Each structure stands twice: as C-alpha cells, then as structure tokens.
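What follows is a set of structures for review.
Okay, so subunit A shows up in both of these, paired with subunit B first and subunit C after.
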Partner chain A sequence: MGTEYRIALAGNPNTGKSTLFNALTGLRQHTGNWAGKTVSLAQGTVQFKDKTFQLIDLPGTYSLFSNSKDEEVARNYIVFEKPDVTLVVLDATSLERNLNLALQVLEMTKNVVIAINLIDVAEEQGIQINERLLTNRLGVPVIKISARNKKGFPMLLDTLDRIVTGAIECNPVRMVYSEEIEEQIKKIEPKVREIIGGQLSSRWVSLRLLDGDETLLNEINQRLSGRQVEYEYSTHIC
Partner chain B sequence: MDKPKTMKLVNGEKGNIIKITSLNLDGVMRRRLLDLGFVTGALVEVVRKSPLGDPIAFRVSQTTIALREEESSKIEGELVSDGN
Partner chain C sequence: MSIQHIFAEAQELSTPKLRDDIVQQLYDRSHKLCHEGISYTKSKRDTRTEKLDEIFTSPIFGFPIMIAMLGLLFYITIAGANIPSSLIAEFFGYLEGYITQFFTFIHAPEWLHGILVLGLYRGTTWVISVMLPPMAIFFPTFALLENYGYLPRVAFNMDRLFKRVGAHGKQSLTMAMGFGCNAAAVISTRIIESPRERMLAILTNNFVPCNGRWGTLIVLSSLFMAAGFTGGMASLVTTGVIVGIVMIGIIVTFFVSWVLSKTALKGVPTHYTLELPPYRKPKIFDTVIRSSLTKSWSVLVRAVKVAAPAAILTWVFANIYIGDTSILMYAVNFLDPFGKMLGLDGYILMAFILGLPANEIVLPILLMGYLSTGSLTEVDSLVDLKKIFLAHGWTWLTALNMMLFSLLHYPCGTTLLNIYKETKSKKWTFLAFLIPTVIAIIVPLVITQTVRFFGWV
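Presenting the complex of A and B:
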C-alpha cells in the first residue's frame, strides 16, 4: 500500500475534471460526505510507485469566493481539510476564464499542480500553450494533459509524487494588489496571524476580511473552536 | 468614431461590442460578475435580446452569459463596434 496522500481536484465546470478523475481512479472510487455538509464528493485512489494517492473530486466552480454552496464546499476543503496537493484542472481552449480559479487557489494554498486539459482540442484549434513559461510565472508545475486520451498522465503522477516527497517545492506567485489594499493587508495581517496561527494563510484571510467575506469568518470561528469540529468529522467520514 | 460612446450594457444592440469600463455593483453580485469575466477592459458582445428585451445574452471570454436588467444596467462600457 505505502503512504497515502490526499489530492484534491479543483476546476471550472466542464473542464474534464471528472473525466480525469475517472480515468485515474478507474473503479476504485466511492462518494463521501464531508465536513458536516450534505454535498457528496467522489473519492478514489490511484497507485503510483510506492504511494497511494487519494483523489477527491471537488465541485466544479468558476470561483472559490462562496457565492454558492458548491464554491463553499470546494473552498472549505482546500483551506480547512488541507489536501497534500491541490490539482487545478484548466480547459486549454479557454485559459483566460479558467486562470481566475487557478489564481484563487494559488492564494489559498502552497502545494498546487496545474493540469491543462483538452490540450488535443486546443491544438486542433491552433492554440499553442507554453507550459514552461506558465510554470515560471505561476511558480507551480503546469502540465499539459488530455484526460480523454490519457495523455500526460505519467508526467502528472510523477509531479504529484515529487511534490509529496518534497523533491519539488511549489512557490506560488503572490498577487500584488493596489497600494491601498497592500497597505491595509500590512496593517491587519500580523493580527490575523496571531489569532489563526499557522493554520491558514494569513495573507489570504486578511484579503477575505477586507472583502467582507462573512461566511468565511463564520467557518473559521466554527472550525478553530476545536472540539465540535472533531465530533462532526467522525460522524461523517466513515 | 472620434470619441468612444459610453453606454450601459442593458442598452446594447445585437452585434454591439462593448469594452467594460466600470461595474456599479457591490458584494456578492459584483464578485460573481467578476468571476464570470465581466471585468474592466473585457470585450463583451451582445449576442441576442429576449423578445421583451430582458434578459440579454452576452458573450464574454468565450462563453455566453445572460444578464437581467438589474445587473446589465449597472455595467458601463465604451462602444467599440456596433457590429455593422
């Protein structure tokens, strides 16, 4: 069996996220309830070398700012359940739209791999993608795949393997905001860090506070108050 | 065209291409529209109007999205092309 690692799959709707999930996990999957919410997340495993990757198929969303239950579930999983790696699946034929979500994930968590799916369709349309340039700019591995034709899988699995073993270190690009916002972040980030400790990215939480994201505040309150959360978990994980 | 004509999305005619200059919305709806691609500088094409003029379908970053007057009247832009 070997060591188990959790890999969360995030992406816009219709990017082939579930195709990738199914292709990688085959029939080794089941759905589970998570974190006290009645939204089911498909889970499955894939073996690679001496490791087991447990894949969690998050709901497809355009964003992770909790405009809807789906977005909240996806966000909560990435931020609070802390998967070992978050795999963001993008549609190669509409990168502009898809990168919005990718950038949001890069702000939330460190270990991210970006899979650019539907690469064969994009190439047919004459779209060329320079994944090295993207890797440099984003600071995390970017890999071209075709989930439908199972292209790029060895590279993808190998990259996941190298991240969990620490052979590759992700260094997500830090989005810089306007002077006014950066000023405010500087003011509140130390206090945020004091309260939440190292459990969440203090910069990200600060940004969300400036954005007036109340659902996140409530979630943090609930989860960081400890015991109740543990209890909720044990009843739903099984 | 010497000076670009400013207009609200709700007043766009079929075929118009409008470059967004401002979103006069707040909170969740603003966030939602930004996520869908209605950002400053984005080019939006009026794809079609409903028989009664509301909602209107727009094409923004390769996807068609319909907005109600409630939202489209709060998004302003410059007319880049009238489609003729």
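Presenting the complex of A and C:
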C-alpha cells in the first residue's frame, strides 16, 4: 500500500470534476462524513507506484468566498483540513471564468495542481492553450486532460506523485491587488501572523478579514480556542 | 490581541466596495492570463454572443430592450388571446344549452341544475376560456425567450438594482417564474444560496402578477383604460397599461425588499457568479410543445380543481337566504363601507376573499355577485360586461383600484402553502400574507382619497 496522501478536487460546477473523480477512482469510492456537519463528501482511492492517493470530491463552486454552504465546505476543507495537494479542475472551453477559482485556491494553499479538463472539446473549437506559459505564470503545474477519454492521466498522477515526494515544489504566484488593498493587507497581516502562526496563509486570512468574512472568523475562533471541532473523517463504505 | 480585535480593525480599514474590487481584480488577472495563454486557431470563437451581449446588457439599451421585450410578450398574449377566448366561451355556452336540456329531460331538481350547471360548469368553463388562450401563448413565447438565453441577461441587468435594495440578482429569475405562477416561483427561489435573500425573494414574489391575475388585469384594462380606442390601438393601450401595472409591481418589490433588508432581514447582498450561456437558437417546435403541454396543462388542471369547489361554494352562498337576504349579500353589505373607502366596494372585496384559493375565480365571483342571479354569469361579450360594471357605479378609478388590489394583495392559497413548505415557518408565512395585504389596502386608499380630494372623479 505505501503511504497515503489526500488530494482534494476543487472546481466550478460542470467542469467534469466528478467525471475525473470517477475515472480515477473507479469503484474504490465511499462517502466520507464530515462529522458535526451534515455534509458528506465522496472519497475514493487511486494507486500510483508505491503510493495511495485518497481523492476527496469537494462541492463544485464558482468561488470560495463562502457565499453558500457549498463554498464554505470546500473552502474549509482546503484551508483547515490541509490536503496534501489541491487539484483544481478547470473547463478548457471557458478558462477565463474558471481561472478565477484557481487564483482563489492559490491564495489559500501552496500545493496546487491545475488540471485543464475538456481539452479535446476545446481543441475541436480551435482553442489552443499554452500550459507551459500558464505553469510559469501561476507557479504551479498546469496539466491538460480529458477526463472523459482518460487522456493525460499518467502525467497528472506523476505530477501529484512528484509533489508529495517533494520532487517538484509549488510556488503559487501571489495575486497582487490594487495599492489600496495591498496597503490594508500590510497593516493587518503582521498581527494575523502573530495569532495564527504558520498554520494558515496570513495574507489570505487578512484579506478575508478585510472582506468581513465572519464564517471564517468563527471557524478560526473555534479552532484557536481549543474547542477543536471534530473534523476527523469518519468514513463508511456505501 | 485576539483575532476578534483584528477583525474589528480590518472592518474599519476596509470599504464596502472591497469585495467588488477583489473580484474585479481576480477577473482582470484571469483575463490577462487567458489573453497570453490561449490562442484561437479557428476564428470560430463565439463573437456573436459577445456582440449580442453588448446590446442586451448595455447600460443604455439594456433596460429599454427589456421593457420592450416584456411589452411585446404581453402584446402577443393579449392580442392573440382575444379571439380564441371568445370562441371557447361561445362553444361552452352552446354546450350549456344542451346540458340544460338534458337536465330538464331527466327531470333533475332545480337545485342540482343550479349547483352543477350554473355553479360548477359555468365557473370552470369561464376559467378555461379566460385562461387557456393567454397561457397557451404566454408560456411557449416565454420559454422561447428562456431557451434563447435571454433570461440570464435580464438577471444580469437587474443585478445592480437588486443589490442596491439588498436583494439577490437571481431574484429576477424567480420573478420571471412568477409571471407564470407564484406558487411555482416560490419553489424556484431555491436557486438563491443565501437564506436571507431567498426569504426576500419569497416574500416579494407575489408582486409579480401571475397567470391567474392576467385575466382580471387584461379584461379591466381593455374595458376601462383602452375604452376610447378600437382595434389594434386598443390592444396597444391595454398592453401599455399592463406593462405599467407590472412596473408598479416591480417598484413595490424593490421597495419592500429595501425596507425588509433594512429591518427584519438585515444584511448585505452576497456575491454570486451568474453564468451567461451562449445564445442558442431554440428548438422551436420542441419548446412550444413541451411548454404548452406541461406548463399550460398543469396550471389549468390546478385552476379547474380550485375553481370547481369555489364555484359550487359561491353558488351555495348566493342561494341560501336568511330572511330575504342571501349569505353572500350579508357579507357584501358588511364589507361595503370599507370597500368604498378604498375606491372599491363590498362585492369586490368579497370576490377577493372567496378567491383566496385561486386568483382566477375573482372576476367570475364578482360578476355573479353583481347579477345576484345566483350563478356565475355567462357574459357573451365585453360590452355586456362593461354595462354590468357601470350599472354598479364603476369608473376608471374603480377599475384601476381593482387592478392594483389584484396586483398587490395576498398570495393565493397554493402559494401560501408553498411558502410554508419552503420556509417551515408560520411567522414568515403570515408575513407573506400580511405585507402584501397592508400594501394592497394602502395604495388604493391613498389613490382614491387623493383623486376624490381633487375631484377628478
């Protein structure tokens, strides 16, 4: 079996995220129950070389500002459960809209792989995507796949493998905002870092606090005050 | 220093438009990345959608186009429904003669003929002939607009306004549903993620006139508002009045949303992503067939189910006498002073109360009360109809007030039931009843008193 690593799948609705999840895990799936919350996420495993990747299918969302329950669930998993890698699935045919979510994930966590799905459809429509350029610009691996035709899987799994072993290091590009916002972040961030330490990205938390994200505030409060919410995954086979 | 303190400090630093700026800058970044990282070998990129969007969602043309579309939709419905409506009514009238002959033939008692033919039959056939033609035109035409991809653009245009009053942009989609049926629209508010904004959408949905109220609105506006016009011009004026009424409903929606989001449902609107799908040529035949069959049919069945018992009940009330006055007349006399204050009368209020199960039956019940013949009246032409109204002291003011009352008053029974199912709260369901009722009383009251004060009537 070897070591187990957790890979969270994030993405917009209708990007083929679940198709990818199903294609990779096949029948090795079960529903993970998020204790204390009435949210269950599908989990499944995939073997690669000597490792087991445990895939967690997060709810499909357009953003991660915790507008809705789904967004909050996805956000909390990425930030607090700290999967070894977050795999962001994007739709190649509407990349511009989809990239927006990827940029948000890059602000939250370090180990990110971006899978551009539906690449076959995009190519049919004459859309050519330069993934090398995007990799350079974003600082994390960008891989073209077609979940439906199981294209690009070896490359994807190999990249995940190399990230968890440390062979590749992700350096997610920092999203720089307008001077006004950057100024505000600068004032808040040192204080945030003092409290939360290195557990979360202090820059991201600062930004969320500036945005008035109370759900995040409550979440952090609960975790800091030791009233540690049970976030263990009680899994059951279904 | 705790995280709570930092949060408070952050709130002082930040501005309300911070989120907009963040989102905007994320999108700008995505746009730049795509500009660099994507090339198009075929120029098959959907420029048509972009060009159309520039027009349909333009800050200048967006709203006029929306209103024009709405007007066109109503015009097609009103102008197209006239003739089929009267044909169907004539057919049912013709049939009634034979049914009555049959009842005489089997020597059925008078009361049985009264309940079944004069009550049940006339009530339901009225609803069918008034409602079926507009529905059969409105639903497919609306579905065509929807399938073409125009509706998300409406939501996009309206978003700014909704946001200003503290509501959710997707509310315009649930309002669009409301034109068909408020009860269905209440369920459709599930597309709104935030519970607060969803509640706003539920509470205000009733201010969009549903299919059951079209009949009343169309008949009254063509009788009293377009009275001086003939032919195509009359349809045009009727449409204009209907568009005006709808606009009033939308203004009230905004006003109520605004008041609620400042009081009982405090909060700021959440952000959401609205997908603007590419414009697609709808499969016209499929759309028309599916929407006529499923939507028109199911709404009609519901209407008949409600109309049938209500028609019977009304007949019974109008025919049971205590002393020399029927139960219906007692109620009418009781309500009359209050009705007069609103520029309405006791009959009209009675019709709205008995019409709680379904708005479709308000007008038939009203006519029945006026004629006191004890049955839902068969009116062969609109001219007859106007004579009845005029004989009971109607003016354009009465018609206007009744239209406004119909637009603004409490939701029908089915809608209230759905509101309860969706909110699981008696308090909110009651508010959903109370808010429109209060508004429906205040608006005609103010108008009537003003008009009378200036002596315009």
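Just a few scattered comments:
As a working rule, the second predicted complex is superposed on the first by the 226 of 238 C-alpha atoms of A that agree within 3 Å, B and C clash if a C-alpha of one lies under 4 Å from a C-alpha of the other, contacts with A are read in each partner's own complex, and residues count from 1 in each chain.
The working rule: contacts are C-beta pairs under 8 Å (C-beta built on N, C-alpha and C of every residue); 3 or more make two chains touch, one makes a residue touch a chain.
Since the model is a prediction, treat every value here as computed from it, not as a measurement.
Once subunit A is used to superpose the two complexes, subunit B occupies space that clashes with subunit C.
In the superposition on chain A, A:A23 contacts neither subunit B nor subunit C. Once chain A of one complex is fitted onto chain A of the other, the partner contacts of A:E96 extend to both subunit B and subunit C. When the two complexes are overlaid, the chain among subunit B and subunit C that reaches more residues of subunit A is C.
Contacts of A:M175 after superposition: subunit C is touched, whereas subunit B is not reached. By the touch criterion stated above, A:A42 is placed in contact with neither subunit B nor subunit C.
With both structures placed on the common chain, the touch criterion links A:V121 to neither subunit B nor subunit C. Of the two partner chains, subunit B and subunit C are each touched by A:Y62.
When both structures are laid over each other on chain A, subunit B collides with subunit C only at 272-280; the other stretches in 200-208, 236-244 or 272-280 stay clear.
Contacts of subunit A with subunit B, set against its contacts with subunit C after fitting on chain A, overlap at residues 62-63, 65, 67, 96-97, 100, 211-212. On the subunit B side of its complex with subunit A, the touching residues are 27-28, 31-32, 35-37, 61-63. Those residues of subunit A that touch subunit C in the shared complex are 62-63, 65, 67-70, 95-97, 99-100, 103-104, 125-131, 133-134, 137-138, 175, 177-178, 180-181, 184, 187-188, 191-192, 194-196, 206-207, 209-212, 214, 217, 220-221, 224.
Those residues of subunit C lying in contact with subunit A across their complex are 1-4, 6-7, 9-11, 13-14, 18-19, 21-23, 25-27, 29-31, 33-34, 36-45, 193-194, 270-273, 275. Note for the complex: subunit A touches subunit B at residues 62-63, 65, 67, 93-94, 96-97, 100, 211-212.
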